[in-house]
Each structure stands twice: as C-alpha cells, then as structure tokens.
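Following this line, the structures themselves.
In the two complexes that follow, chain A is the common piece, with chain B as its partner first and chain C second.
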Partner chain A sequence: MWSLIQIELYKIFRRPRTYIAFGAIAALIVVIQLGLKIDGDAYAGFLMKDINDTLTVDGKVLNGYLICYILLQLLLVHVPLLVALIAADMISGEANLGTLRLLFSTPFSRTHWVLAKFIAASIYTILLLIWLAFLALFVSMWIFGTDDLFLMKSNYVVLIEQSDVLWRYVGAFVFASFSLLTVTSLGFLMSSLSSNSIGPIVGTMSAIVFFTILSTLNIPLFNLVKPYLFTTHMNNWKEFFDIKVNLDNEAIRGSILNIAKIKTSLMVLTLHIILFVTASVIIIKKKDILS
Partner chain B sequence: MQTKKSKNILLYFLSLAISLFFSSTVIAQADPLIEKVSQKLAQVNDYVAEGIMKTDVAFIKASLGKVKVYFKKPNLLKIKKEGGISLLPRGGVSLTINTLLNTKQYTTIPAGNQVLNGKNLTVIKLIPTDDNLDWVISTLWIDPVEALVYKTATTTKENGSYEITMQYGEYAKQGLASKIIFSFNTKDYKLPNGITLEFGDEDPTAKQKALKNKKGTIEITYSKYTINKGVPNTIF
Partner chain C sequence: MFGVFCYYYSMAVIKVENISKHFGALKAVDDLSFEVQAGQVFGFLGQNGSGKSTTIRMLLSLIHPSSGNIELFGKSIQKNRDAILEQVGAIIERPDLYPYLSATEHLQLFAKVRKKKIEASNIQNTLEKVGLANRAKDKVQTFSLGMKQRLGIAIALVHNPSLIILDEPTNGLDPQGIADIRALIQHLAKEEGKTVFVSSHLLSEIEQVAHQILIIHQGKKMVEGVTKELLDPERRIVQIKTTNDELALANIMTGSFGKYVLPRKEGIHLKLPTIEIASLNESLVKAGVAVLGIETKNSLEDYFLQITSNA
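And now, the complex of A and B:
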C-alpha cells in the first residue's frame, strides 16, 4: 500500500499544477501581510471605531495572532478551490490519459488504488494546510510580533491572553484539515464519476460555491438543510476563538464557548469524508474502464 | 417721589452687590475638608502600584490581567497591562482623586451629607477654574473623620461621565485606595457581518448582554504600592 501511495505522491508532485496552490497561497498571504504592515493601523482604526468611542485600547492589537486570524478568515474559504484542482483530477486525469486501465491491471485491487490515491491527495491537502499555517501564523508572528488576541466579532469583542492563543490555532488547523479533507473526498468522488479532468474540478468548485452560499444565507427554508451541509460546518474552526465567561463576566482562560458545536461539526465532516470515499470506491469497483 | 424711587433702586443694587460679594467669597474659599484630603495626598509625590484589573463591559469578553499603575505629581497617570492589551475607559482613568485635587484649579461647593455603604460622608462639588481642564464638574463623597474620598462622580467635556468608587486598606494613611472601580457609560458596539466575516450564529447570551447593559466597569485591586521612589517621565 505504501508503495502505491509513494507512486501517487510522485505523480502529484511531478505536475506543475500542484505548485499553483502553494504559489497562490504564498502570494496572497505576502500581499495581505505587506498591506497590513504598511497600512495596518488605518485598518485596525476602522475596525475599532465603535470601541474607541468608549474605550482606549492600549497594546499591540495588530499582532501576528490577529493577522493569522484575518488571513484564515479570508483564505480558508478559497483554499478548498485549490484543493479541488488536484483532488478532482486524481482518477479522472488517469482515465483521460488512458492509464487507469493500466493501473487496474496490476496485482493490486481497485480498492487499494483508490485508497492510495485518496491518501496521496490527502497528504497534498495537509501539506497545503501546513504551508498555509507556516505563512499565516509563524511568518506573521515573526513580522508583527505577538500579543493578546483582540477579536472583533459582529456583536462583541473577545480578548484572549497571548499564552492562551497558540493551542487554539493548533485546534483550528486540525479542524481545518477535516474541512479540507472533506473537499478532497468530494473532489475524489466527482473524479470517480468522470473520464475528463475539467468536469470534476469545475463540478467540485461549483458544489463548494453553491453550498457555501446556502450556508451563509439566513433564509428560513435554507436553515432546514444547513445543518446537513458540510460547508456550514467547515467554518466552525472559529469556535476555538470564542471563550466562556463566568457570572462576573470574566473570561475563563483555556475555555471554548461551544465545544459541542466543534464536536458536531467534526462528526458531520468525518461522515462526509467516509461517505464520499466509500462512494468513490464503490463507483470505481463497478466502473467499466473504457478509456 | 422721584428721589424715593431712585433711593430704592440704589438700595436694591447695593444689597445685590453685597450678597454677590459674600457668596463669591464663600465659593472661592477652599473647603477645609478638601484641604485636609489634599494634605494627605500631598505626601505622595509618585507611586507605582501593582494590581489586578477586571474589565466588565457587556460587549467585551476579557480575563483578569495584571497591571501596573504609574502616578506622578501633579496629574500624570498611566495604567499598563503586563504584556498584553488593556482596555480602559476613554479619558476616565486619568481623573482620579490625585489628579483632580493636585491641579488646585477648582472652587468647592458644599452639597450636604450622604450615607454611603454605612458611612456618613460629606458631599462636596468641585468646579474647575481653568477652562482648559477636561472636566466640567466633579462630586466628591468624603469621610470627614479619615479625610478619605470614597466616591467621585465626574462629568468631562468630551468623554462623558464617570463614577469612581474607592475602598481603602493598608495605604489609607497616604490616601491611596486598595480597590478602585471606574463606572462609565458604554456606547453601542456593532460591526457588519461583511467586515467581520462572521456569518454563523454568535454567542446569543453575549449578544443579549450587550443590548441590555450600557454600563461598564473597570475594577483594579491593588496588591502593592511603591511610594516616592521616583517614576521617570518617559513612562507617561
């Protein structure tokens, strides 16, 4: 099995397309970091306009932790599209080239090949996420320094002590890996249905965009289906950055406001991954390889 | 007839001038109790105090933080959180009793007595004589026996009204509080979802609290004062 994964990883990293995602993420992060380094105070001033009417905020608000949060908010919506570029091409790309027949004629079973391809695509996804974490968190910490995390939500502000922040990012990135693996498995499922590369890539991207819009619209009819959409749960990494308060309105260090929400989301995402991969294996096992 | 009328008018203005003269003399006099408080505070040229700060504002979730408070005569005051972001009422914290009284630019008006937390306190209003000062009026609740200020209510020109309640302990001799509670009015806080990118459900209790409670408090409990050891101006 490991040799199959190695083969698939070799195929992924031999293609120039693979590096588009790494390059795009690096470019986006560097541009945002540069913009915030040059004009970040104006941005922070705009965000804190309401607070400054009442309070004076003293300290380094625009620090590496806040920059990382801003970057994740902007990027974790779009990274799935970059993941789809590779994952949705894993099987259909080979079908298109006519090499799928060759693979399936080896002594390894179709299930082995499909799982090896999925694991290889997952490794690519995780590496992309590590690259994102390195640039967004560690490079931001290096450029902007660290301080407490001052998060401005729509109706309230959360101030998290800097010693209480890093583990939340670890949790958020682990959560994000489940989100992106769901996209990987969706792309994989789409890929198993088609014999050309473009269809599954566009199909996966369209599904993500479509479901994301449904998840964000606050219309009662859509609220019924929202809990079952993976896109509703993909954004719940933010729950790691909301804390509980006691009766005296003191934030409780090390607490997460809605841990049940995180658990539910992880469960829904895991179920989606299992469902999509299982469906891919079944489809491929029953598929006539005609190309 | 005409002479009698002129005489009456003259008498009226004379009595008005006399009454105005006496009333202004009363206002201009420094209240002896304020003098007593000022003398007590005059023992402190500067201090560095260590304490724990609690922020209680409906729309803010913040934990307790260690702070250092720096003061230098006549009215320099700075609160610094140790390695973190601090949230302080806008312009309010600098209006402590030391900074109010040390300017010496005020007149006093006695406003009777009031019982506060079981203590019979003398109420005195301060009105600044310098137009450039940020505050408009301040009311002080003073214990006449200990010469300690237990509460102040100050209205500022630009930053609203503040109430400061004080509790005393080990450093009462120098007129320094062991606990200070700043109360202030908060304005609405709301950021559009498009800016925060928060499209999901937010903490409903925090949302409710923010709508209900428009009063915020910052509470500092002091553990230690270092008095008259010198504080560099660069800190302020």
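And now, the complex of A and C:
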C-alpha cells in the first residue's frame, strides 16, 4: 500500500499542474500582504470607523494575527476550488489518459489503488494547507509583527491576548484540513464517475457553489437540510476565535465559546469524507474499465 | 522439480469457458471458449470491434464478464486476481503512458507495484530488449507512437512474467519495428518459455509467430486451430450451398466430415483437405441433399478477409 501511495505522490508532484495551486496561493497572499503593508492604516481605520467613538484600542491592530485571519476569510472559500483541480482528476484523469487500465491490471486490488490515490490527494491537500498557513500566518507575523488579536464580529468585538492566539490558529488549520479533505473526497467521488478530466473538476466546483448557496440562504425549507450539508460546516474554523467571557465581560483565556459546534462540524465533515470515499471505492470496484 | 515442470507444460495457462459480455443490447463477446497451453504463442485474430480487446480486458479483470468463467494458471481470475496478475504482463490497445515521465521512470514505477524486487539492471536490460536503451532518460511526450508501443511492451516484460498478453503490439510500428516485435515474441516463447497471447487484426502478423490461431468475429469464435494446419495449402475452406442446410449439416456432423466444420452463423463452412471435397459432395448427394454449389476459398487469409469484409 505504501508503495502505491509513493507512486501516486510521485505522479502528482511530477505534473506541472500541481504547482498552479501553490503558485496561486502565494501570489494572492503576497499581493494582499503588500497592499496591507502599504495602505494598512487606512484599511484599519475603515474597519474601526463605527467604533472609534466608543472604543480606544491601544497597540497594533493590523498585526500578523489579524492579517492571517483576513487572509483565511478570503482564501479558505477559494482553496477548495484549487483542491478540486487535483482531487477531481485523480481517477478520471488517468481514465482519460488511458493509464488507469495499466494500474488496474497490476497485482493490487482496485480498492488499494483508490485508497492510495485518495491518501495521496489528501497529502497534497494538507501540504497546500501547510503552505497557506506558512504564508498567511508566519510570513504575516514576520512582516507585520504580533499583538493582541482584535476581531469585529457582526454585533460585538472579540479581543484575544496575543499569547492566547497561536494555538487557535493551529486548531483552525486542523479544522480547515477536515473541510478541505471533504472537498478532496467529493472531488474524488466525482472523479470515479467520469472518464474525462474536466467534468469532475467542474462538477466538484459546481457542487461546492450550489451547496454553499443553499447553506447561506435563510429559507425555512433549506433550513431543514442545512445541518447535513458539508458546506454549512466548512467555515466553522472561525469558532476557534470566539472566546468565552466572565461576568465582568473579560475574556477567559484558553476558552472557546461554542466548542460543541466545532465538534458537530468535525463529525459531519468526517462522515462526509467516509461516505464519499466509500462510494468511490464501490463505484470503481463495479466499473468496467473501458478507457 | 520434474513434477512441477511436467505440470507447467501440460496445463492450460488460459482457460476461457463460455464467456459473454453484454453492454446493454450489444453483445461484445458471445459465448466464447478457448484454451492456451503453456509455452505457446496464441494468435487472437479479429477485425477492429470484433471483441478482442473486451476479451483481453476480461482476462485481466478490467471488465467483469456477464457470464462464463476465466481461469489463468488453473485458478479463477475472479477469486485469485492479485496472485494471478503477479505472473502476467500486458499491453492493452493503445500505448497510453504518462507524458511527463521518462522510459526509465515508467519501468521503475511499474516495477514498484510488483511483490518481488526488480533490480535496476533488469530495467536497463528490458529497455535494451525493446530497443529503447538510448532513449531511457527522455520523457514520453517526445516519443513516437512506435516508441510508446515499445515502452508499453517493456512495461509488460519488466517483472519477467510467465504469461504475456499483447493487444495489437505492432500498432504504429514501422516494418523494422514489426519485425523486431515478431522476433521478440518468438524469443520470449522459444528461449524464455513464456506463454504469449497476442491479438491483431492482421493475419499476416500473427501467422508467422503463432502456434495456434483463434479468429473472432462479432464476439463469436469463427475458427480455431493450429496455425500450420489452418494455413496448410492442402486444406481448403469450402462453403456448401444446398436446398436444405439443416439436413446437410446434420448429415455432415454425424459423419466423418463433422470435425472439419467451422462455426458460422450463416451457411455451412468446412476446412478440409482438397482431396475430400468430392467425397463430401458424394456423401451429401447420397443423403438426399441437393447440392447447389461448393465454393472454395483459397486460404485462411481469404476466409478471414471474407469475414471482415462482410461486416
């Protein structure tokens, strides 16, 4: 099994297409960081214009932690599309190329191959996320420095001490890995249904857009299914940055306001991953390889 | 050791029993049966779309048969797939490969999926065997169709399999390349004792290397036999036209001519020594069958061409 995973990783990282996502993320982050470095004070002023009369904030609001939060808000919506480029091509791309029949006529079962491909695509996804974390968090910390994290929610503000922030990002990135692995497994399922590369990539992207719209629409009929949609849970990494307060309205260090929500989301995402991968294995096992 | 040797050389490496494959209403393979003995070069002939590749894909468990049974090395492919495929090397239809990998990288990659360790020297030897040693480091995207075909064959050979399945291995090759592959097939069977199952839509490619030939048409077996006998100029393929084919066929099957009958959907075809054509006619007339004509084909090639041109 390990040799199959090595083969799949080798193939992924020998393809120029693989590096598009790494390049795109780097380009986006660098552009945003550059913009904020040059014109960050104006942006911070715009953010705080509604509360400037009632609240005085000391220190550096636009620090590396806030920049990372802004970047994650912007990018974690779009990274799934980059993940789909590889994941949705893992099986269908080989079917299209004609190499699937070579792999499936080796002395390893189709289940082994499908699982090896999924694990390899998952490793790619995690590496992409680590790359994102490195650029968005550590490079931002290096460029903008660190201070307390000041976040404006819809009707309240959150202030987290700088010494209480880093572990929350670790938690957020671990959570984001589950979100992106759900996308990987969805792309994989689409890939198992097709023999061309484009269809599953477009299909995965369309499914994400479709379910994201359903998740955000506040219509009673849709509200019934929302808790079961993976898109409803994918952005709950933000829960790591909602903190409990005591009776004096002071932040409780190391606390998370709604940890149950995070657990539920992780469970729903994990179930989706298992469902999508199992379905992929069953489909591929039954499929006649005609490509 | 002797016992094992005797068993190996007396066993059917491939045993196909009544396999059929339907894709919806289309019958791609229809009740096909045959056996390939160890150490043999078996020619599998048929025009494009006749069901050759579907059969080969079933042998490699890429396609699930609708019915029937396939045994390789005396074991069911459905139940012992992994162990069987360890001993099989195959190319299937086009030589589709990874354009961004080199010839050596392809062999290294496919050597990795074998349970036994394959030495680097074996990879180099295999590339030399197919005439690609001088392009070993080049990416496949720079290869011609013929070179890809050679690399496909190298992938099939790199793990030193006992059974080699080659689906249209000379596609895209120039005359020298075709001659090289023919020589390689003969070498593999004669010198290395491999069993080679080779398909083609050209009789001329197969007749020079195969011990046994099977012709398939529209998924059904048309002719099967020893190449030398089938191509024997002393034996002719004849088509008999009568007023009552049913009675004629019944008479032939019960008599000494039954062994010469070729399975065809329409008409009665036999392959028999030229000298016996008159006796056959006489036998039919005696049985009360009015013979309207006996049409003689010149060779197996004519017969093969007739089958393919009628389609």
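A few notes on this one:
Note that the second predicted complex is superposed on the first by the 291 of 291 C-alpha atoms of A that agree within 3 Å, B and C clash if a C-alpha of one lies under 4 Å from a C-alpha of the other, contacts with A are read in each partner's own complex, and residues count from 1 in each chain.
Everything that follows uses one rule, which is that contacts are C-beta pairs under 8 Å (C-beta built on N, C-alpha and C of every residue); 3 or more make two chains touch, one makes a residue touch a chain.
Keep in mind that this is a model prediction, so the values were computed, not measured.
Applying the stated contact rule after C-alpha superposition, one finds that A:196 touches neither chain B nor chain C.
With both structures placed on the common chain, the touch criterion links A:223 to neither chain B nor chain C. By the document's definition of touching, neither partner reaches A:206: not chain B, not chain C. With both structures placed on the common chain, the touch criterion links A:152 to chain B but leaves chain C unconnected. Of the two partner chains placed by superposition, only chain C is touched by A:290; chain B is not.
With both structures placed on the common chain, the touch criterion links A:270 to neither chain B nor chain C.
In the superposition on chain A, contact is made by A:16 with chain C only, not with chain B.
If you check the complex, the residues on chain B that touch chain A are 54-65, 79-81, 83-91, 184-193, 195-200, 202-203, 206-207, 209-210, 216. Chain A contributes residues 3-4, 6-7, 10-11, 14-16, 97-99, 101-109, 286, 288-290 to its touches with chain C in the complex. Those residues of chain A whose C-beta lies close enough to touch chain B in the complex are 47, 50-61, 73-74, 147-148, 150, 152-159, 161-162, 164, 215-216, 232, 235-236, 238, 242-243, 245, 248-253, 257-258.
Listing the residues of chain C that touch chain A in their complex gives 57, 60-64, 81-86, 88, 90, 92-94, 96-98, 100-101, 109-110, 112-115, 155.
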